[in-house]
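Some structures to go through are shown next.
Two complexes come next, and they have one chain in common, chain A, joined by chain B in the first and chain C in the second.
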Partner chain A sequence: MFPSSTKLEPANIKTSDTPSGFGGVGNIAGHVLLIALSVLALFPVYWMIVTSLRPANDIFSSSLIPTSASLENYRTVWSTIPIARMLLNTFTMSVLLTLSQLLTAILCAYAFARWTFFADKFLLGLFALTWLVPFQVTMIPNYVLISSFGWLDTMTAIVVPQFASAFAVMLLFQSLKAFPPELIDAARIDGANDWLILWRVIVPNLRASLASLAILLFISAWNEYFWPLLVTRNLENAVVQIGLQMFLTQEGDLWGPLMAAATFASLPILLLYVVLQKQIIESFMKSGIR
Partner chain B sequence: MKKLWLFVIALGLAVVAVVSAQKSFLPPLPKNTKVSITFYNYNLASAGIGAEGTKQLIAEFQEANPNISVEGVPAPSNEILGRLQADVVAGRTPDLAQIVFADYEFAINNLGVKPLEDLISERELQTHYVGLHPRGLALARLNGKTYGLPYVFSTPVLFYNADVFKAAGLDPNRPPRSWAEVKKYALQIKAKANKAGVYVALHGAFDWMYQSLLLSNGGRVLSEDRKRLSFADAPALEAVRMLRDLVSAGAHPNVAPSDAQSAMAAGNLGMYLQTSALQNYLLNASKDKFELRSAKMPSFGTKTVYPVNSGSGVFILAKDPLKQRAAWELMKFLTSKRGYTIITSKIGYVPLRPDIVKDPAYLKPWADANPLIKPNLEQLDRLSPWVPIPGQNYKQITKIMMDALDQSVFGDGDVDDTMKAASVRASSLMPNQ
Partner chain C sequence: MNHAVLRVNQPPSTKRRKSFAALATPYLYLLPALLTIAIWVYKPLLQTLELSFFDWNLLPTSPKVFVGWQNFSRIFELPEVHQALWNTLIYILGIIPMAVVLPLVVAILTEHIQGRARNIYRALVFVPMMMAPVVVAIIWRWLLNPVQGIAFEVFKTIQLEPINFLRDERWAIWTIVFITGWKLIGFSTLIFSAAIANVDRSYLEAARLDGATEWQITRRITLPLISPTVFFITMLTVLLGSQWSFAYINVLTQGGPRNATTNIYHLLYEFGFGSFAIGWSSAAAIVLFTGFGVLAFVGLKLMNKYAIYET
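So, the complex of A and B:
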């Protein structure tokens, strides 16, 4: 019987506890450098939170700790835009887009990598070309079609036109091309058909690549602005990037509320990262994307 | 007898002509008829005072007109035209739209904006125009027809930090009147108060303040017959050289427009030529920190200053006569005494009905408490329209022009060469080239 999944295990690499070339002093220096880089990476996040706590007449103060901290900007955000609803919409959109783009990319890349068929290279080239077509070119035709379906101002309108991603197909195509053909042949000898080979041999072994691709697709979806802006008419159906933009107004940029809204917007991603930290780092290490 | 017949026929034709002429105008809304209209609005796409003021305007209009319901459709100012185009193509024609003055010629030619004279009787129009500033009425007039009414707009105002003036040994009661004085003041501010001198906020996607600067030196971006780009003509080049000189002398910081806005709000900039729409924002930022004041746009020597308006007008796109009438009713309210009272006091734009500033029932209490509005009002009498660039390529032309302006003011190249090269490139995109 064919196993439920077949995994390629990495070769057993021997590692020592202390990296070679690092003595006690080197170790301390390395840590100091890492701490300095961590502070550098975290400072913008800290500054965002500190700014969100400052009143309008103290917003450009350079002091590291706000002298008159208040949650007024958070109250402003909560009362002026439906931030909770926008975050929920953004999360739903990002999950749906990530799953749909992953699924279509797996099937499409598998077809291109596994089989030789009429005009396959030409079709792959067309896929790559669609990646280069600016969104503005397809914007109006897509909008007219969505409008004729009566989907405007719905989650369907935001998600369906972006069901497939050429970027995801191209990335997975490379991974699938590099997949050892011996393993596929072995699975075929064991009696597996193409469908089983994909889901029980290839996908489990591409978990690292798929995880890193999923993260990239999720972040890209989370930052979606223009298409959701075009197809939503009601703020209750809008995404959080539209909410953030609303604080950059004709009557002046409202940095306090903007930073409060940005803090709200980054919380789900931060929480996701904290919960899945180990898996995310592992997947990046394995897939070679740093 | 024959004469009598001729008279009867002539009378009959005259009656038919009058009746058919009257029929082409929009009748009042029938009683008990409910109409819903959409109002595409960029202030609604913000989370600040612009949205609050607009929501109040719509709410008060609906209360006074219970048979008309208004759906506000938010879209940012730089995206609103794309949104309108998409909806027109999709057959969801918007009824009333707030359109930036730079875009309204394109909207007339491509989105089916009709002149008000074709929809509303002359008598009704003239009744509504009473009290509206005549120069304001000209802002949405093209080829002798009025296509819309000015809605939220302002003129360039020189905001200045009175505390920085004092620290630099300048008299805050005597703001600069000419560009030569601006340079002198700015250098003194930099030397004695250790702050940035002046920032002229004319860089970005829109050219209204640039048009104002050129016009005040006898230049134009577009010739009066609207057929030739003239932003590389001698008076225009002279105006740009003046800006370059401010930067070269160190009187004007070489920073992005958003950084200049932040610098002014933080109290690190002495003078800031900008739209009066930023008044409330700057007042909030200056509270308990420094004294904010405002002055009129500076002049080139003794030449007359011609302030050009920023902002947008309201335009009817509806096709259905009932919706057209409802849209006109909303348009009338937005540009009424009450409408401009809300627009000025809640958002900060110029009232197009200047008499309400002296009327205790409307804007007087607010105007007395907010003297910063005065330069804006005084400039209304010399207001000049923000001229839209013609043709389908108007946005590319504006971009080429504004990019060249940035390079000329902040770059190292020769100002005349840069602007002339841009003029040649942009001219090839003009209609009928």
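So, the complex of A and C:
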């Protein structure tokens, strides 16, 4: 496994001593670099939103600041594809996946951190090594199994195979390892059983880690692409990422509506980001990448 | 690996022979997650291994025919497999400048920028990580559109021959590499910045007192101390970079023009769900899985051998 990136906490940045060498000029150069990087990062997103708001006769304008705004493109999207339905599908899928992956990871990480049992290291290794199995390697048997259950084109097909996340298990296991044993002993002396210790002592104390894990799981579920692509057939049952691709294939050159649809698909996550950006960045960085 | 801190203070009574219930408890907690990965990761892995020795077209009604090693020898004769393997290498190596080198340079040059400004930059450069791959692909397709995209306006303004980024065989793969990298630059930069900020200031002070230049400090102290992080991000990029480009390939080029952008992940998908050559797809998947495992193993060995950890 990777060194679990434990040393990557962005917090405690000491307020810097007066920099010698690079000095003031270095700082200006640094600002220029970071501004350039920010523009590179933001411009495409900005352009998506600007294009989506341009009226049809103005769509090919390359003026950086829009002169007139209209919601025409959004209305077009609303009336040509079941976008509300797809957003609802995506939201349902993301909530279901977040809750189930959180729950299964809590239970599983608790078992690994709390007890020694036969084959525990081996089983933990099975979780740690799942990232070595690329999705493309398991797709055919999984597809065959899903279709033999008759689940193609349903929410079940998307959610069930990802009911648990090995990534969430490993991450929570790291937090549980560091949990103070005294608290558990105190609870046991008070007569709590294993189940109560988990839900009354550990989970409330891990609220912060669980919340940041939940955010990560939600975002990666929302942006999920490959598996929904395989098991979806109709626009009505598609999550928004797949709906977008279908829309692109059908209406490849309707740039205004396409950008409006892309904005629809990104808006929930972007809003979440605006509100929670600090927590989101930190949880992404603490956990490596997803 | 002391992975069970919680059990340190077990009461002495656990020495007694445990009841069946007590023995079964941990497994009950494990069960939901374990069943999921057993059914949806490890079982299909074994099934793919099995399918790699058969000829089959995905139809439940049509028989699977055992063909031994034939799928393996066949796929290595296919020119598109050679092309895909070569492209996979280009993806892996091509993404490194954007996901490792550039972020490292930026992180080093901006380490003195602190406080509010730093937080604002952090929030801005991280935005691409939030965007879904399909959305990213669609936006870039619009930006680079050969007729009306803004990139072509730029080319017109500076009076250069416009490039058809996604349709030109020479450019298409680099365009996808760029888009994959674009999503990662901010993330890597933040990871490196955080690692640099965690370097113990007293080393830097001591070196400064001894008259070391900033460049010497960077080269001899900062870089070695953040080497585990650099290794980590490099490994991540090498192992997963090609995989991350799948969505862009599938949305933007479907592997074309003339296989110029296909990589091994996309080829697996094409074999499986494009031409229903399940045997080929499975054999290629097994080759990929093995290669991937070897690469990961070697990477971990290298990391443990060469990364310098602060003691």
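Note that the second predicted complex is superposed on the first by the 193 of 290 C-alpha atoms of A that agree within 3 Å, B and C clash if a C-alpha of one lies under 4 Å from a C-alpha of the other, contacts with A are read in each partner's own complex, and residues count from 1 in each chain.
Just so it is clear, a contact is a pair of C-beta atoms (placed from the backbone, for glycine too) under 8 Å apart; a residue touches a chain by one contact, two chains touch by 3 or more.
Being a predicted model, the structure only gives us computed values, none of them experimental.
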Quick one: is A:I81 in contact with chain B, with chain C, with both, or with neither? Answer first, second, both or neither. first
Please indicate which partner A:Q250 is in contact with in the superposed arrangement: first for chain B, second for chain C, both, or neither. first
Between chain B (first) and chain C (second), which, if any, makes contact with A:S148: first, second, both or neither? both
If we overlay the two complexes on their shared chain A, which of chain B and chain C does A:M139 touch? Say first, second, both or neither. both
Between chain B (first) and chain C (second), which, if any, makes contact with A:L230: first, second, both or neither? both
Tell me which of chain B and chain C touches more residues of chain A. C
With the two complexes superposed on chain A, say which partner A:S63 touches: chain B (first), chain C (second), both, or neither. neither
Let me check the overlay on chain A: which residues of chain A are in contact with chain B and also with chain C? 59-60, 139-140, 143-144, 147-148, 229-230, 245, 248, 255
Residue numbers on chain A that touch chain B, as the complex places them: 56-57, 59-60, 76-77, 80-81, 139-140, 143-144, 147-148, 152, 229-230, 233, 235, 243, 245-255, 257
Residue set of chain C touching chain A in the complex reads 3-9, 11, 23, 25-27, 29-30, 32-34, 36-37, 39-45, 47-48, 51, 58, 60, 106, 109-115, 117-119, 121-136, 138-143, 145, 148, 150, 153, 182, 185-187, 189-191, 193-195, 197-198, 201, 205, 208, 213-215, 217, 228-229, 232, 235-236, 240, 243, 246-247, 250-251, 265, 268-269, 272-273, 278, 281-282, 285-286, 288-289, 292-293, 296, 303
In the complex, the residues of chain A that touch chain C are 2-3, 5, 7-10, 12-17, 19-22, 26-27, 29-31, 33-34, 37-38, 40-42, 44-45, 47-48, 51, 59-60, 62, 103-105, 107-108, 110-117, 120-121, 123-124, 126-127, 130, 132-145, 147-148, 160-164, 166, 169, 173, 176-179, 181-182, 184-185, 188, 194, 219, 222-223, 225-226, 229-230, 241-242, 244-245, 248, 255, 258-259, 262, 265-266, 269-270, 273, 277-278, 280-281, 284-285, 288-289
Going by the contact rule set out above, which residues of chain B touch chain A in the complex? 42-43, 45-51, 73-77, 79, 82-83, 85-87, 89-92, 258, 261-262, 265-268, 277-278, 280-282, 284-289, 347-348
